[in-house]
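Heads up, there are several structures right after this.
Look for chain A in each of the two complexes below; its partner is chain B in the first and chain C in the second.
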Partner chain A sequence: MKKYLYFVFFMATLLYIIFTSTDDEQDNIILQATTSTDNSGFFSYILPLFEQDTSIRVDVVAVGTGQAIKNAKNGDGDLLLVHEKELEEQFVADGYGSKRFDLMFNDFILIGPVDDPANVGDADNIYKAFEKIYEKRARFLSRGDNSGTHIKELKIWNEVEVYNPSIDQEWYFESGSGMGATLNMSVQDSAYTLCDRSTWISFKNKSNHTILLADRINLINNYGIVLLNEEKYPKLNHNGAKKLAEWLLSKKGQKAIEGFKVNNQQMFFTQ
Partner chain B sequence: MNRNDENKFLTASQDIFPISMVNVTLNIDNKQLICNTNMSINNDGLTVLMGSNGSGKTLMLKLLHGLIIPSTGYILWNNQKLNHQIKLQQSMVFQTPVLLKRSVGDNISFVLNRKMRSNYQIDDILEKVHLLEFKNRAARLLSAGEKQRLALGRALAIKPKLLFLDEPTSNLDPSTTKFVEDIIKEVSKNKTKVIFVTHDMHQAKRIADDIIFIDKGMVIEHTDSSDFFNLKNSVKAKSYLAGKIFL
Partner chain C sequence: MQSFTEAFNLAATLLLEGNKELLEIVFLSLKISTLSTVIGCIIGFPLGAIIVIYRFPGRRFTILMINTLMGLPPVVVGLVVYLLLSNAGPMGTFKLLYTQIAMIIAQTILITPIVAALSRQVVESLYEEYEELFTSLLITKASAIFALLWDARYSLLTIGLAGFGRAISEVGAVMIVGGNIAHVTRVMTTAIASETAKGDLALALALGMILISITFLVNGCAMLLRGSKYFSNK
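On to the complex of A and B.
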């Protein structure tokens, strides 16, 4: 009887050690990132590779760039991965971040209905295309959510001297939503929309919409990774964050980024 | 197509039925998600696409709506390929509504042809979905149920011949669900063909005239609702109704 009780006690202790030590060894970090990157399937592809090498679990919070930066300022993430270089650099300059790195790039594209009522397909570049949309007052659907895509779009409108387009109600509309949801609406309502290429490639409900203009000079879409300031946010998992950043920037990580394809098309490129 | 052409179209629209799927398959990322489907849908009755999660109901709906192009085979609307005129006669309500960053009233006016649009018409639609009192409210401030009613209002605003709904009540409370179902049943009786996706057997029983039962990307049955629920059907459908099919 005593031997039996000792055996039971030993097994119980062993099981306790196994299950609790597993929990302790699992490190995890929160990555504040963008919906467009998430919608493309990039994180579902790359993070398991990182987790395999490091045993660090990464939880992604995917929102617009503006919201992701705001969340990071609030200390709600261990690392930031967005695509608006000026805002990222400002984030570091203001003391929220410690360092920013170029991670990868792709491009934005102008999508719209195949019949192209504003004839943007004939434009030489994105600025001329936006001018044509404005001249025709053709339907344009913006994300309107302070995302990197939205900010890029507003910069183009500014360049062609169409300021505050959301004030003109007749042809310009905002979904206030992520890229996938905005594309669904754009397709349903035959509107033009600026979109990142990777989301468009992954997007399944294309119907009669197509890429009407690509402009790789003016529409380069740069993604950066930003480490948070350790002094300002002492309770974040800076070690885990550094490991993810280092892995993504390493030869192995950069090769993995270039290996990410949807429908046999490469989605992101490295420097 | 410019606005004048749209006007002419809307006053003399073409017939889009039956919808015929011929040898349709859909492959995504090297997986066959819809398998060699042949099917015809007429304009009478309220059709429910039913099956367990992951069975391919939403993909089938999107194929019928023309949002997704089949990998092989083809889909015809009254023996025609999808074109702009056919698209104009269709509307879809998604599970999660996407609304414009505007007022409730502006969300309706967005979809209306400029010539047809009037305050009276917008009010009429808002009244139908019980949102008239919120006409000037920002759409983003609505509750989930109110947003879905607005999405339904937008879909109905163009008086579609064909209305697709992808599990529109899955996030709604019982009273809003009943309200939405009542509108859809009424719409179905008034010359709009409704194709409705659900995995909720009780809902299907309440609203369907005919059922298309899908399992693992294949249409297993297409039959009258009464026959389907009285178990005069396939082994797989019987198992599904008994709760025996799992992912």
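On to the complex of A and C.
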């Protein structure tokens, strides 16, 4: 008999520990965000400021833009912060989101080995640079993960019209991973890679890679914030999501975004 | 080699200064993996013994299935649990995605087949010795299972540790269902993955060293326990 009592006591303790693991009392929202914002440390800078003002806790799930949008479609996030304007607008048009706002921007950059075998440093714009990489068949490492950066890269290849990168595998590779993992590979492999500026600046394993080309006209990187459709997802924390969106878009929030610096460089800009 | 020295120093510094964030992550790792291991053992030990003692149709197939599931890729487990717990999935109403419970569920699914398959093997060899004794004493099957598991406790402890090792070291499943949310679902392995993504290889490696040290400590405690009178195999 004593043995059974022990067992019951043990199971009760176990269940107690498990069910006290989740803290539902607190007002919190889940933010589906791109890795590029998270990897730079942006959220650990900005969210405490927001939490001070509102006492809403923000849980950030950082994945690629494509994945973030998919998760949001499944109703697994209260708010979306990504960087592929067309997909975001599509998301709203399809009835998943209710409204999209321009939040902030910076730019994409082309990084590569310092010795620059394809000589892209001399190119006038990103299209010329991609042409040069193609002509030289220099190693190029793509994200290949349907992220905002990957989609941007494919759009450039499409504009260049010299090449469809998915056919030939001799010099064009896909990492299928996040920006950071791709950069680690690119650095090892002396490859060229398209990267967003904030991830690159805060990246710590630069080795002998550097920014070879910046093209502020063609490589603008817009971050948008998308509210979800309240009728389609009645159970989400729309109130909390709205508060965060409003705060980020307010004068105070925009000023805070402008003030975020890594290595003394401003990471994001507002309109 | 330089990054190894750097990582080693960093690991030592983090531990010595008792970095609060690090302690939080370490504690969460231990909590999640211990709970999953305990649940995995509560299900797996009896399951392994039941398969040995009871003869039922499809028994060999069950053994084959459990053995196959030992090689479950964590990412697949993560994906399946994600699809189940997602708001669009069948268990969406419970709101468990991106919580510690989701991580425990995923790890339990991952470990239970390992525990069940290994304990089946251990119990089976023991049962060959005991079978005649059980028949002659007319012992019920339920008490036989209890007796077998009790007498195999020395080996079962090792099996539990194997399950724990699997749980605390996997990253694929907890990354997907936990979301690596800072202060909520960030554990050692997901922290290592995100530090690697930031290119901070020294910090990632330092965390890896700390993770191994913890596993070392856990195994050390188990060894002490084995030396105690309840777990001695003499």
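The rule we apply is simple: the second predicted complex is superposed on the first by the 243 of 271 C-alpha atoms of A that agree within 3 Å, B and C clash if a C-alpha of one lies under 4 Å from a C-alpha of the other, contacts with A are read in each partner's own complex, and residues count from 1 in each chain.
Keep this in mind: a residue touches a chain if its C-beta (ideal position, glycine included) is under 8 Å from a C-beta of that chain, and two chains touch if they have at least 3 such contacts.
What you see is a predicted model; the values in this text were computed from it and never measured.
Contacts of A:233 after superposition: chain C is touched, whereas chain B is not reached.
In the superposed model, A:265 lies in contact with neither chain B nor chain C.
In the superposition on chain A, contact is made by A:208 with chain B only, not with chain C. Of the two partner chains placed by the overlay, neither chain B nor chain C lies in contact with A:158. One of chain B and chain C touches more residues of chain A, and that partner is C. By the touch criterion defined above, A:39 reaches chain C but does not reach chain B. Applying the stated contact rule after C-alpha superposition, one finds that A:125 touches neither chain B nor chain C. When the two structures are aligned on the shared chain, A:61 is found in touch with chain C, with no touch to chain B. Of the two partner chains, chain B is the only one touched by A:189; chain C is not.
Of the two partner chains, chain B is the only one touched by A:176; chain C is not.
Overlaid on A, the two complexes show chain B and chain C touching the same residues of chain A, namely 181, 184, 204-206. Across the complex, chain A is touched by residues 1-2, 28-29, 62, 65-69, 82, 84, 87, 91-92, 94, 96, 98-102, 106, 110-111, 140 of chain B. Taken in their complex, chain A has these residues touching chain B: 113, 115, 117, 144, 166, 169, 173-177, 181-182, 184-185, 187-189, 204-208, 262.
Against chain C, in their complex, chain A makes its touches with residues 14, 17-19, 21-22, 30, 35, 38-39, 43-44, 59-62, 71, 73-76, 178-181, 183-184, 202-206, 233, 235-236. Touching chain A in their complex are the following residues of chain C: 31, 35, 38-39, 86-89, 92, 95-101, 104, 179-182, 184, 194, 196-201.
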